[in-house]
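Each chain carries a letter (A, B, C and D) given by its place in the written order, and its residues are counted from 1.
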Amino acid sequence: MGIMRIGRLELRVMELDKAIDYYTNILGLELVGQSRGKAYLKAWDEYDHHSIILTESDSAGMASFGFKVESNEELALFEQKVEQFGLTTKRISTGTRLAEGQAITFELPTGQHCELYHDIEQPGTKVGLLNPAPWPDHLRGIAPHRLDHIAITGEDVNNATRFFVDVLGFGQSEKIVVGENGEMEVASFLFARHGGKPHDIAFVKGPNNMFHHAGFYVESWENVLRSADIVTKNNVPTVLTPQRHGITRGLTTYFYDPSGNCNEAFASGYITYPDFPTITWTEENAATAIFYHGREVSDAFNNAAT
Amino acid sequence: MGIMRIGRLELRVMELDKAIDYYTNILGLELVGQSRGKAYLKAWDEYDHHSIILTESDSAGMASFGFKVESNEELALFEQKVEQFGLTTKRISTGTRLAEGQAITFELPTGQHCELYHDIEQPGTKVGLLNPAPWPDHLRGIAPHRLDHIAITGEDVNNATRFFVDVLGFGQSEKIVVGENGEMEVASFLFARHGGKPHDIAFVKGPNNMFHHAGFYVESWENVLRSADIVTKNNVPTVLTPQRHGITRGLTTYFYDPSGNCNEAFASGYITYPDFPTITWTEENAATAIFYHGREVSDAFNNAAT
Amino acid sequence: MGIMRIGRLELRVMELDKAIDYYTNILGLELVGQSRGKAYLKAWDEYDHHSIILTESDSAGMASFGFKVESNEELALFEQKVEQFGLTTKRISTGTRLAEGQAITFELPTGQHCELYHDIEQPGTKVGLLNPAPWPDHLRGIAPHRLDHIAITGEDVNNATRFFVDVLGFGQSEKIVVGENGEMEVASFLFARHGGKPHDIAFVKGPNNMFHHAGFYVESWENVLRSADIVTKNNVPTVLTPQRHGITRGLTTYFYDPSGNCNEAFASGYITYPDFPTITWTEENAATAIFYHGREVSDAFNNAAT
Amino acid sequence: MGIMRIGRLELRVMELDKAIDYYTNILGLELVGQSRGKAYLKAWDEYDHHSIILTESDSAGMASFGFKVESNEELALFEQKVEQFGLTTKRISTGTRLAEGQAITFELPTGQHCELYHDIEQPGTKVGLLNPAPWPDHLRGIAPHRLDHIAITGEDVNNATRFFVDVLGFGQSEKIVVGENGEMEVASFLFARHGGKPHDIAFVKGPNNMFHHAGFYVESWENVLRSADIVTKNNVPTVLTPQRHGITRGLTTYFYDPSGNCNEAFASGYITYPDFPTITWTEENAATAIFYHGREVSDAFNNAAT
């Protein structure tokens, strides 16, 4: 039945130990394994083995990201469809990553490495499956529920949308358009057909093959406040103080990891369904679309891509 | 791709005018039409024409409820599968209800009237599709975002689960079990494969063909408080004061409509995916499963079914 | 300028170690000292050395409570006024309690031991006085800001009110009255002239010389939820699940310490001034006055006094 | 026993009708009277007749502000003390303003017109004094509880602090200092001895006789969000999006009235007492002191004074 969700994100970080310290103690993920220069982490409310991989590098940015699909049959089907669209796919073999089976990988029209996979160990969450508490003890830092979405940049947003809708079966929740007939998309928000999130991935017009931010889900506006407090308490640089997005109605604050990758604590937002129409924002409302309260997009946010 | 969501609920009410007053001014839905002794209403964040139908009757309870499916091809497919399970289906003709096309109807193994439909007008929401505000002006009362789920009772919960999982393709997020091997379900929480909600429908062991409550989604714990304030300010009888559910982790308060049908203002709860395992609550934790803080289930809640 | 606030509360507990474990790890106070069978604790946002004293005993209840006054001159003045009212005062000598100077003690008309004091060491809070963070790291449990108020019982509430207003200079924010002319108070809410709290002490009609509960201030309704979650996660018995008070508009949840003393996590409520009139609740609204949502007072709450 | 609170603020506005529309429909105060080119308004949770006076003028800014004292005896006492400090006082006669008695007026060392008064009619609040609901129906816009504080600018902040502490009996909750020994205050936060607020008035170094902003109290961080939403929904210009103050720990968003006077929706913050020490922020932490999350002070905020 298709793609379920954004399942993992591999980020390039410049000092692995410092990055692990930030991602465990400040962002508050759990370190679940380390192997061959990579650290594997998960958020407390995720069942799969990991959702974040940190890989040491000499520059920040995204190494790859992957969507989890419902079955290996689906995986083979998507492999065909992606090839038919004209992209070259490769199989990644079992064991290339901790706790994962085979995956397919390909380069998006916008240059980033995208993967699809089904097999990943599912050790579950700390609250367990039997009479679980609503949240585990001993959380640290921001402690989001899950990796929620990513935003990446590319030159041709319309084409990226087309690929995600036609080939991967995503829905488009919202778009920002410019131009005479409003045909050119400068931002596109796309959701997998499960999970009901307003976006699993967003494309923003910009240079190809860049990463803009990783959004982590927190429970409420009160937790966005708490996230921003923790960011300042730990001298983490802020990209954007708490605010509402026009797009998704989400509640948000942005900040940088030690390598300069942009992270978001994201809460709220509506639920999506396949039969929901796409919301359109026009050029003159683009800033309100992005930041509803400030109605302007700061240089820090515009330049956050790595 | 299957069933999308619980789309509408038809409730029997004893004095239609009084019911309309409650559902518009206190619960805060919008009255979108009236026809042949029925009132059609919707929540502000719903795109479809209506989600609640009130029908005048001499007793409270549920007349029927319906799931919206992705297409009329799906509708025909489900018709077959339901028949194959051994239930008799009938077609309801276009125009039987305001703004709706054909639907199929059948009696659940637990006796309630269930419908499936695809065609319904989609006039959209008050904030519109072009540069929308996050919420509309002039909301009244509790003003939930949507009809979120219903709970109904039945003698054989295991069989109801089987029907929903095998025939309608639902996932089971949680269950309460009793008996020597924990095989008998006394409550079952089932979600459609879209939308990511922890439940679209719940079955609770009890008499067949009864309705327990309709859950309406509000944004946050702060809105649960506001809902409970509004309930008291309007002398609406309370079933349960604000609390957390163990099951779904949802935040909740319950109250009665003027006919005695139980309504819930429900917030929060986790997101579901097809690959998530079912959470199990054991008999001795059943009360905590239902009401996490109070750890007991009141007579009012136990006797709320109509 | 008079009495500042309820400054400390000495509770009788039956197993000191168990009580310390609860008050530090679940309620989340800081243990600041132990001496002669007593444990001294403070909330994180209090400047004074301690606000809670636990004293081992063979029964639960309140040993005494004390108000802090602005100066030792004030202390001497109140000593006179209390004597003039007809109560016998005694001086407690410096060093009787850790970090405290002289205090005066007397028996209230309702039998409880009340103290007044000025001298107490003021080590300050963990966030310090220089460029402080909004909250300290490493909080545990509920972690309230402060001891907020106490409620005690007595046979003659009108007389208790008279003593607090005429002798101690308190204001009366609210009262519940019964009887033909509404002259008999069955509950009275009294605030010191500083701090603007809706109550520092409440009297509820009941047996003399009993303690009903200690209210600890938490920041918000979200923290009341978190408090109730922590209570259940730790199998602490609940007295009352989250709710709003009609009186004070406060947001609340109640639970028991291991000895059976009732504790409250209390948030919100209005600000008081000397020129504010007293709010009156009538007998038929007494339950709504106490618990605004449930509109009934449970046996657990009625019988919580120790 | 001294000064109770900031009781009223008279603002100069350029188009009275437009200002009334904003202050009633967007900020959400109640218009309680109009007389001689002035509009009188109050917040829903205030007992006194009015707290805001709008007076038509050809420029924005503050005409005057006033503190309410406990009695007319106190008023006479303060009159003497202010004169002894070297300032000239005048009596304003009864009836000069709607619903007010005599007041005294004088020019602060920083140039603004400050008044003290006791007599003002006290019609009370819409929820009344008998079995009141926690909030009234039919609120519009932001609907704050009360005028909470004002901030004004002046060249000599140390001297302003001295006047408020020594003559008016205020406490100083916090200060920002600069210079070799940290002796020069560039901001000072002062609270009246009742009410327990972190500030009734703040002084910020800047030109004499300017007004910076009026802070209105809203209930919670969720209401700060709602305030910022309402500001954008109504195209009101924003000064600062939601954030925490380091000073007071308050939660805040700022925006302009139609004449350019700066308004704040302010929530939370700690409680103050006379025995609390003053918190000090050093020059290099001044931006964090003001805006804890952003750690920088925008030009819009710096230039908001009228």
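We take it that contacts are C-beta pairs under 8 Å (C-beta built on N, C-alpha and C of every residue); 3 or more make two chains touch, one makes a residue touch a chain.
Keep in mind that this is a model prediction, so the values were computed, not measured.
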Repeat of the A-D interface, chosen from A-C, B-C or C-D (over half of contact pairs identical by residue number): B-C
Which of A-B and B-D has more C-beta contact pairs: A-B
Chain B-chain D separation of Cα centroids, rounded to whole Å: 48
Chain A and chain B: spacing of chain centres that average the CA atoms, whole Å: 31
For chain A, residues contacting two or more additional chains: 134, 220-222, 229, 232, 244, 288, 292
In the complex with chain C, residue positions of chain D that touch it: 1-2, 4-5, 45, 47, 68, 70, 122, 124, 129-132, 134, 145-146, 193-197, 219-221, 244, 246, 249, 268, 270-282, 285, 288-289, 292
Residues on chain B engaged by chain C in the complex (per definition of touch): 221-222, 225, 228-229, 231-232, 238, 241-244, 251, 253, 288, 291-295
Residues on chain D engaged by chain B in the complex (per definition of touch): 133-135, 137, 220, 222, 229, 232-233
